[in-house]
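In the two complexes below, subunit A is the common chain; its partner is subunit B in one and subunit C in the other.
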Partner chain A sequence: MSSKREERKKAKMIDKMEAEVCEYNKVKKPTNAVLNVILAVMSLISILPFIFVVIISLTDEQTLAMNGYQFVPEKLSLYAYHYIISAGENILRSYGVTILVTIAGTVIGLFLTGTYAYALSRKTYAFKKFFTTVITIPMLFSGGMVANYLIVTKVLMLKDSIWALILPLCLNTFNVIVLRTFFKTTIPDSVVESAKIDGASEWRLFFKIVIPMAMPGLATIGLFLTLGYWNDWFNAMMYIDSQNLIPLQYLLIKIESSIDWLASNKAMMGINGIQIAQNMPKETIKMAIVVISTLPIIFAYPFFQRYFVNGLTIGAVKE
Partner chain B sequence: MKQKKKKEKISFFTRVKTNKELLLLSLPGTAWFFLFAYLPLFGILVAFKKFRLTGSNFFTSLLSSEFVGFDNFKFLFSSGDAWIILRNTVLYNAAFIILGVVLPVIVALMLNELRNKGMAKIYQSSMFLPYFLSWVVVSYCVFAFLNPEKGYFNSVLAYFGIDGISWYTEKSMWPFIIIFMSQWKGVGYNTVVYLASICGINKTYYEAAVLDGASKWQQIKYITLPLLKPVITILLIMAVGGIFKSDFGLFYQLPQDSGPLYPVTNVLDTYIFRALKTNGELGMSSAAALFQSTVGFILIMIANKLVSKVDSENALF
Partner chain C sequence: MKYRIVKRALAVSVAAAMTAGMLSGCGKKTETNEKGEEVVELVWYQVGDAQKDAPDVIEKVNEYTEEKIGVKIKVNNVAWGDYNQKMQVVINTGDDWDMCFTCSWANDYLQNAQKGAFLELDDLLKEEGKEIYDTIDERFWEAAKVGGKTYGVPSEKEIGSCPMWVFTKEYVDKYNIPYEEIETLEDLEPWLKVIKENEPDVVPFYLTKDYSAPTYMDKIQDPVGIEYGDDTLTVKNVFETDRMKSTLKTMRKYYEAGYINKDAATATDDKSIKRFVTKGDGQPYAELTWGKVLGYEVVASPIMDTQVTNASARGALTAINKNSAHPEKAMEFLNLVNTDEYLRNLLNYGIEGVHWTKAEPTAEEKAAAEGKDYIYDTKVKLEPAANKDYAVPYWVQGGLFNTYVLENEPLDKWNTFKEFNDASQEAPSFGFDFDLESVSTQVAGFRNVLDEFGKSLYTGSVDPDEYLPKLQEKLEATGIQEVIDEMQKQIDEWKATK
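Moving on, here comes the complex of A and B:
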């Protein structure tokens, strides 16, 4: 009885000592203040440019023409956003293209990455080495931009097809490795083995057991893919000429000509259209499109951050 | 020896049989890699050909095109631009590699030492945000400051009575802008990687060091940095392999493809893109692309070899 009490006392003392060491090892208060200032300035520099764009998009067009871009504008206006909602069919269509491509690409990408990574994660898989090599070689040596362009347009015939926006981005070596490591570390062999003994096929096992168990890992890859598709403009620039298939990010690149085109398109619709075209807030509307194209990312940011940190940490760990 | 071979042959088919379900699972992904990663390897041949598309079939036209050996490469390197482009690509990447290790490690160390962990989270979230924006969006953010007529910087200059700068034609500023913006967008991402590694270090090392009277600097120098070495090494190998590649958006979108800036913004990727899409020069652009892939491959192999010689544990493969 007494020995137990003594032990507890000892443990308490050790805890106290550790706490003291820990307190002693913390940076001194003035140093802490300096670190805070440096980091606060860096944080501000990181987010201020986007906030500035939001403010510009909310500035009255005339105020903008007179005073230039300002952090505290004289007069605010929601006109650019009204305009996008009421007359921006092209913008809304681009929004639709982006959403469609993002959803389809993420689903297809998750299926391809998941199946491939699962097979690689299985210890008993006899061809593990071969299929690891298959994904390693492209990481070290690739055909390059021109070869990819020729294959996609001249062999796979995907020019001006929505698939040219979806397929090139749906699988990559990094994602496979992250997900494989995730499967390996979160799904115990015993679970797989007992399911196999019960006679489950690998496909059944993958869909009924592995997927539900590996949700956080799949969410991480899903968010990698979603971000990649949402922000992609390069594939559109390479493969898309058709006005109907322009995603938001590419619309932002083409915007100088697009805005004039928007105006002329409206003008053909009659006097009402001409009026709308003349009243079109050209400067602010650009910034408003930037804002609405980024808004979904800002809203999803807490999720993105959590799972990205997860994925990056797994990805940085060598096998 | 012979017997062993025979054994393997038999076991190959049985292996296929026993693994057929997993093989089937590997199939969709393998098909994708075949179409989008291995098929383009044939496209490399275009660099040695005077490629003309005859009919609609790519491969027959590739075979029937005239073989010109290394003419495309000669043509590429005899142009005066080639050296400027290579210089830009390598120098920018060298700056990115050095800053891309130094800055995030410093930021991660600072975040790790903060007394108020709540604020550390806020700082980290803020600095990570730019990584999630596309270069197109970033180019608009930068345009808000650099717009020659309405931009914030020129307003500030005007306030002090200084003439505004025509930012998108004034090339002397752009090396700084490009390096600054690359770090602005990337520092949060790399900080996360290093911070995770720092948090994974066993706390007892530091406790023992404190009891031995080690200062904060000594702890960083003798515990944290040596333990970060594996992560830094892997990222460095990859970065060296990519020294002829560049972030296309940074060099194309950010300067808004402005012609007067080409001398300081043209890198291999933008050169290849313009040769392909604007001028349609298949031969030269594919020669440049093949050059880029080959040198990258050789460099990554050398870097890995060097690392494995010095310290085999930290090598990539």
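Moving on, here comes the complex of A and C:
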């Protein structure tokens, strides 16, 4: 009997202690309210522009010219999307180019970064020092635009080829170093050794043991690469001449930069500039392109998010 | 063990195959046309967005030029905003190109010519290019000379840009405004007052941030230059000239009287705002274009006589690469573009029957145009649906005077342009190129100072009595006097050789 009572007492005390702990960890009500407001404002700041873009893309062009940007436009219109689907053959083709480049680039990039970083992470690798130096140099010094252009067009012969959009972004020092550190900290040497003892070849070891263990790290690099490829327009500007190889982002940048440029050279171009500006896509169409070019990336985030959370917990528990 | 060897062999052969594939890609095959001449392909960089139907048009062009002169072209279009950067890389890396568009405001003609990127054309112009050399206005050729050598074939169009007052016709009619008599900024005043008093929802004098007050000077290196009509060739700072000082005062007066929109220094053109007058940089028939953009009729009157400066006469040129393998062919091609009626209109408007059809001008029009230059017996009716797939900036490709006019344009349009060009006066500084190398740091500083004060002073948003001295002080500090001295020195040398 007495032991039961004691137990109950103990349980009560534990409850109390827990409650106390909770009390200490609890955010005070007013503070909580303030924090919530701050966070709400911040998320509004980041979300509102995008909502605005969506609304503009759905506004009637005429209404836009008359009233300017409005949250609740007088007249809605699907014209911009209609235009993209029907007349904008280029836009859809560019969409295809972007998707192809992103997928191919991410796969190739992950393979190259993964293997490079893995080799550097192994203590037993003989040329570790040499290859670390090799990969560090381009992080500190850059050959510059002209040198890059010469290499890509004259040495690699990639001018006006889809590879010019894929290869220059594949391997990046920063990614290699992040991944090497990740391999070093998450893959214990003993795992590698035991696999070797069981007779695994280097390739099998890498694909069957290391990759599954390093999923969070690879997902991070994968996201970096995906975003890099999806948003890249500079390579397209430099190396692509054919219309059917132009990625979506460059299409957008081209419109934007041309409009800016025409505006700033108005005095020099006189009437010619006005005529050219007239042939440029209208505001609503620009915004519609922004919407369709952003959507896939928005959907890609939650997919990678899963691994990020995993990655955080893995990193938190140290041996 | 064996497995490993096989794998290595495989890797090597794949690598070999890839290299071979790359190499075979660069081998050029030679073609010949029916005359048995070798056909060469010329790469032509143009500014402006690529058009959807361009491949079809270029194919037609190639059919024709292959037959005629044994040339095929490949056109690379670069977007307006990227042209400067891209051409810099293409030129500096010695990339493969034969011809490119160049002018005073994009892919800078003077700089490229000075650093030797372009081929000297003087010899070619005596042979392959003789025809264009004789037909194009000699002042264009004069402007194309850098250090006595020609580096580009000019596109013949308007030779100077003419600052104009652009009035909304509705109010001109309503208040019987004799707009053609209005010339200077001061002439506007009584009418601005009338509009201010009677039309409360109209901005009398609508200005935007790219407005610059009427300047009676060739600003060779903004803000330093030589005043129009100053035959003594004295280099001045534009903000020290009496004309500019009084102009800025007048602008301030207008601004304070409420004639000018309050946001002028930051505004971008908002077409929904009703305005009475604004400033535009025009040419003959410019009011038609302005009217079309705004959606109502406008009328225009020139602020001053059109002046020809280096910058204005170098409005559009085509240069040939110094390292081009076929400079003669390129010149032959440029010659053909600028003289051949069929080829010129094909490049300009696209394929006849697809992008445009011929339209017959009326008999009266024909009779009225009788005996004038640059008259063709046909006009162009654009096919609205197909035309949007081939809408190119005409003057990028070549001269305008041998193109047909559009249906809604007067038949003697190019004759009017020619008269306009003939009537334009050469600025005293025409033909002088400033070599800014020794003062480049000072010049680089001007931009910031002008950005800081220029817009607000020009639009009258700030008081010139207070801000003009501040501007002068800053320009002084960046070393404007050294630039003036250097330019004066160079211009004296130039004058002596003239």
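Points worth noting:
By definition in this document, the second predicted complex is superposed on the first by the 226 of 319 C-alpha atoms of A that agree within 3 Å, B and C clash if a C-alpha of one lies under 4 Å from a C-alpha of the other, contacts with A are read in each partner's own complex, and residues count from 1 in each chain.
In this text, a contact is a pair of C-beta atoms (placed from the backbone, for glycine too) under 8 Å apart; a residue touches a chain by one contact, two chains touch by 3 or more.
Here the structure is a predicted model, which is why all the values come from computation and not from measurement.
After overlaying the two complexes on the shared chain, residue contacts for A:243 are found with subunit C alone; subunit B is out of touch.
Once the two complexes are overlaid on the shared chain, A:149 sits against subunit B and subunit C alike. In the overlay built on the shared chain, the residue A:89 is in contact with subunit C alone; subunit B does not reach it. Taking subunit A as the reference, the larger set of touched residues comes from B, when subunit B and subunit C are compared. Shared-chain residue A:119: touches subunit B; no touch with subunit C. Touch criterion not met for A:106: it reaches neither subunit B nor subunit C.
By the document's definition of touching, of the two partners only subunit B reaches A:176; subunit C does not. When the shared chain is aligned, subunit C comes close enough to touch A:254, but subunit B does not. Subunit A residues 68, 145-146, 149-150, 154, 156, 237-238 lie at the interface with subunit B in one structure and with subunit C in the other.
Across the interface of their complex, subunit C is touched by residues 65-68, 89-90, 145-146, 149-150, 153-154, 156-157, 237-238, 241, 243, 254, 256-272, 274-276, 278-279 of subunit A. On the side of subunit B, the complex with subunit A involves touching residues 15, 18-19, 21-26, 28-30, 32-33, 35-44, 46, 53, 58-59, 107, 110-111, 113-116, 119-120, 122-123, 125-130, 132-138, 140-142, 144-145, 147, 149-152, 154-155, 184, 187-189, 192-193, 196-197, 206-207, 210-211, 216, 219, 230-231, 234, 241, 248-249, 253, 269, 272-273, 276-277, 282, 285-286, 289-290, 292-294, 296-297, 300-301, 316-317. Touching subunit A in their complex are the following residues of subunit C: 22, 25-26, 48-50, 52, 54, 76, 79-82, 85-86, 89, 92-93, 95, 104-106, 161, 210, 212, 268, 270-272, 280-283, 286, 289-290, 292-293, 311, 388, 391, 393, 395. The part of subunit A that touches subunit B in the complex is made up of residues 18, 21-22, 24-27, 29, 31-32, 35-36, 38-40, 42-47, 49-50, 52-53, 56, 64, 68-71, 111-113, 115-116, 118-120, 122, 125-127, 131, 134-138, 140-152, 154-156, 167-168, 170-171, 176, 201-203, 206, 227, 230-234, 237-238, 249, 252-253, 283, 286-287, 290, 293-294, 297, 301, 304-305, 308-309, 312-313, 316, 318.
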